Amino acid sequence: MSADFSIVLLFFGVTLISVTAGIIGYFNLLQKKSLIGDALAHAVLPGIVLAFLFSGVRESWILLIGAIIAGFLALTAISFLLKHTKLKQDSVIALVMITFFSLGLTVLSYVQLKPLGNQAGLTDFLFGKIAALSQNDLFFFSVLCSIILSAVFVTFKIIFGFAFDSSFMRFKGFSGNTWSFFMNVITIIIVSIGIQAVGVVLMSALLILPVTSAKQLTNNRNKLIIWTVCFALFGASFGTFISLYSSQLPTGPLISMILCTTLFITAVLKRFTLLAKNYG
Amino acid sequence: MDEFLLIITAILVAIPAALLGVILLLNKSVMIGDAISHAVLPGIVIAYLIVGTMDNTYVLMGASIAGFITTLLIDFFQAKFAIQKDAAIGTATTFLFSLGVLLLALFFGQNTELDQECVLFGAIETTVIEQVLVGETIFGTRAIFQLLPLTIIVVLFVFFGFSRLKSWLFNASYTTLLGISITKWRLSVLLLLSLHAVLSFESVGAVMLIGLLVLPGATALLLAKNLKEAFVYAVIIAIIACVIGVLVGFQINVSIAPVIIFSNSFLFIGVFIFDRNRKHQLNFTKN
Amino acid sequence: MDCIEIKNLSVKYDRQIALKSIDLLIKSGQMIAVIGQNGSGKSTLIKAMLGLIPAQFDSIHFYGKSLSEVRSQIAYIPQRETIDWDFPISVYEVVAMGLLSSKKWWARTSKLEKQVILQALTKVGLVAEMNKQIGELSGGQQQRVFLARALVQHADLLIMDEPFSGVDMRSQALIFDVMKSLKSEGKTILIVHHDLATVAANFDEVIVLKNELLAHGETTSVFNSSIIENAFGIPLNRSLK
């Protein structure tokens, strides 16, 4: 009975994480910041590893705090470099991302040689292993995701407004700094949670792919988000399902491939309907 | 001796990366370099499946195609699927890399020659095992001899193509007007990147190649006043980082590849601070 | 009544001076054009006035108060290039943005507010296009959407940045009509304008900029050869072609 419960919780947890990530990816796409998810996913690694090192335990909330701190440091570094050097945005993001990531891998490599290291299964952070998530973890993540989703629901019009026309919003009296901080916080949190399910390297898939597929089908604000949620739901549940039956296959690439396939199918469908319209 | 060999190996990987990286930085195509280094993974796995060994030229060629496929995919996504540029790059990278990791997990679960650790960290440390001997003297390792041709090719490419590269990177439209084919130059760079990515695989792994591409060039650009300086400084910085990386990595007994990358970052930060100080001094003396 | 009062406003970008010591006093109920060649600081003046870019000034008052106190009385329409026309937003949703209030941002749109939105759409003639994504509209229609957004704010002061660039004649005429009707309600309209040919017929006052204030006054007196030649470098009759 408890085995059933834990499977249900697993599905629920991973799906909720994916849906939340998909929605945040929706906003990232609107702000044309699709690569920031990838950058953050790589950048939080040292935060997680160091948190583990200092605390000695693999507790989700401790690792999460480490990840969040690292995430903010990375974002700060990116803004700083953009402001104070002539380097362009893609260069700065790549630079900060790989610096943090290599620091993370260095410490990870060091940790793995110590007796504690092996037990933690920290390499699972890189490609994701949902089987490694405990019930407590899933419960904790589900709660956080629910909070994020509620926050997004309540503030939807405003963050959407900012994505579309930020100077208008600032003119209307909304603080640009507060709202971008808000977006950064929720992005960092979902990335820190998400990499525990799908791993660092493919976190960006959860963020980018659902909304990109949705955009093939519609350019209406509400329909876009509904489709995004649908695709995220589908990818996550199907991926989790397969992942449970094959312990060999890491979850990250699995969900990623499913989402990619969905994207290809929707894109091809769209081209076909366009062609049909032209000839019809 | 081992450290020396490793340093040479690392330098042979880092020099072409630094040079090609400067080009990517100036062309604002840094993420494409990242995409290619991820994309060669499925290429290598598939080639390995077909041929059975990592040492074959066919593996090299087959996997290099991955680089082209990446750019084709990205362009395709942008044009036919109407996906914006950064999302297109992200999609292509993710798709190819997931494919690679899945194939790796399916066929090589516990295989030692090609495994997840290698993908991430590279295994430069193991290259010292296969040494090339002439009589009693060690001439180098297999890896060194494998990397050497490409390093030479990239250096020659940058040296002889310098004026064209300069023209392309600073003013693409003008260059086309002059009748010079930018596409050829772009494709050549992509080809070199793909070959480099495949060859460097066992040294630094897929995930960190981007570090060798971006960091030395970025540091160089902070200091360089022209393109020649950019290339030269990038190479010098890359070499220094390799030396530091290997020696430190050896000392504290961690995986060398990330330490090399991080040494690059360290140099970047150092140069940045030094440069800011210098600018502050200049402003100070002006006023 | 003093609508806008600016004392000693300057704006610097890196080392360049975009605006130097601007003093302005604009009375309500007028339609004012801000003219000057490219780079003369027209958009900069607007953005600085509205706190959208950093600036140095002694004081900036709207209706005798600071910007934060009278935000709800001011409507601003930015330049069209800053908008992403592919954005998944409909005509209706853009206009609805005008009703967002930073004080009660969690509130849902009330029935009354929906009425207001529809009224504005009717006034600019875009009710039929209400649910269309903004990219599907023509240039003139796109400009009218933003005008509608300004209307729902029931602002007393409308500030627009080059509202007529890329707009067809019919939309231009429509927009001028709406503006004139607003003026007759006592509102003030300040426009960064590029088309000198339409200045004389439509605007009461003109502000001429060349990174500093060259002139400000009634169109009939200010819009003359010597000032225009100074601002644009070519004589008035040539600049009207």
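Just so it is clear, A, B and C label the chains in written order, and each chain counts residues from 1 on its own.
Everything that follows uses one rule, which is that a contact is a pair of C-beta atoms (placed from the backbone, for glycine too) under 8 Å apart; a residue touches a chain by one contact, two chains touch by 3 or more.
What you are looking at is a predicted structure, and each value in this text was computed from that prediction instead of being measured.
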item: Contact distance in steps, from subunit B to subunit C; value: 2
item: Chain whose mean Cα position lies farthest from subunit A; value: C
item: Centrality ranking, top chain (CA atoms only); value: A
item: Whole-Å separation of chain centres (CA-atom averages), subunit B against subunit C; value: 51
item: For subunit A paired with subunit C, centre-to-centre distance based on mean C-alpha positions, whole Å; value: 40
item: Separation of subunit A from subunit B, taking each centre as the mean of its C-alpha atoms, in whole Å; value: 26
item: In subunit A, residues with contacts to at least two other chains; value: 215
item: Residue ranges of subunit C touching subunit A (in the complex, touch as defined); value: 47, 50-52, 68, 71, 74, 76, 78, 82-84, 86-90, 93-94, 97, 100-103, 105-106, 133, 135
item: Touching residues on subunit A, where the partner in the complex is subunit B; value: 29, 32-35, 38, 84-88, 90-91, 94-95, 98-99, 101-106, 109-110, 113, 123, 126-127, 201-202, 204-205, 208-209, 212, 215-216, 248-250, 252-254, 256-257, 260, 263, 267, 270-271
item: Touch list for subunit A against partner subunit C, complex; value: 30, 154-155, 157-158, 160-161, 163-165, 167-174, 215, 218-221, 224
item: Subunit B residues within the subunit A interface of the complex; value: 25, 28-31, 34, 80-84, 86-87, 89-91, 93-95, 97-99, 101-102, 105-106, 109, 116-117, 120-121, 207-208, 210-211, 214-215, 218, 221-222, 252-255, 257-259, 261-262, 265, 268, 272, 276
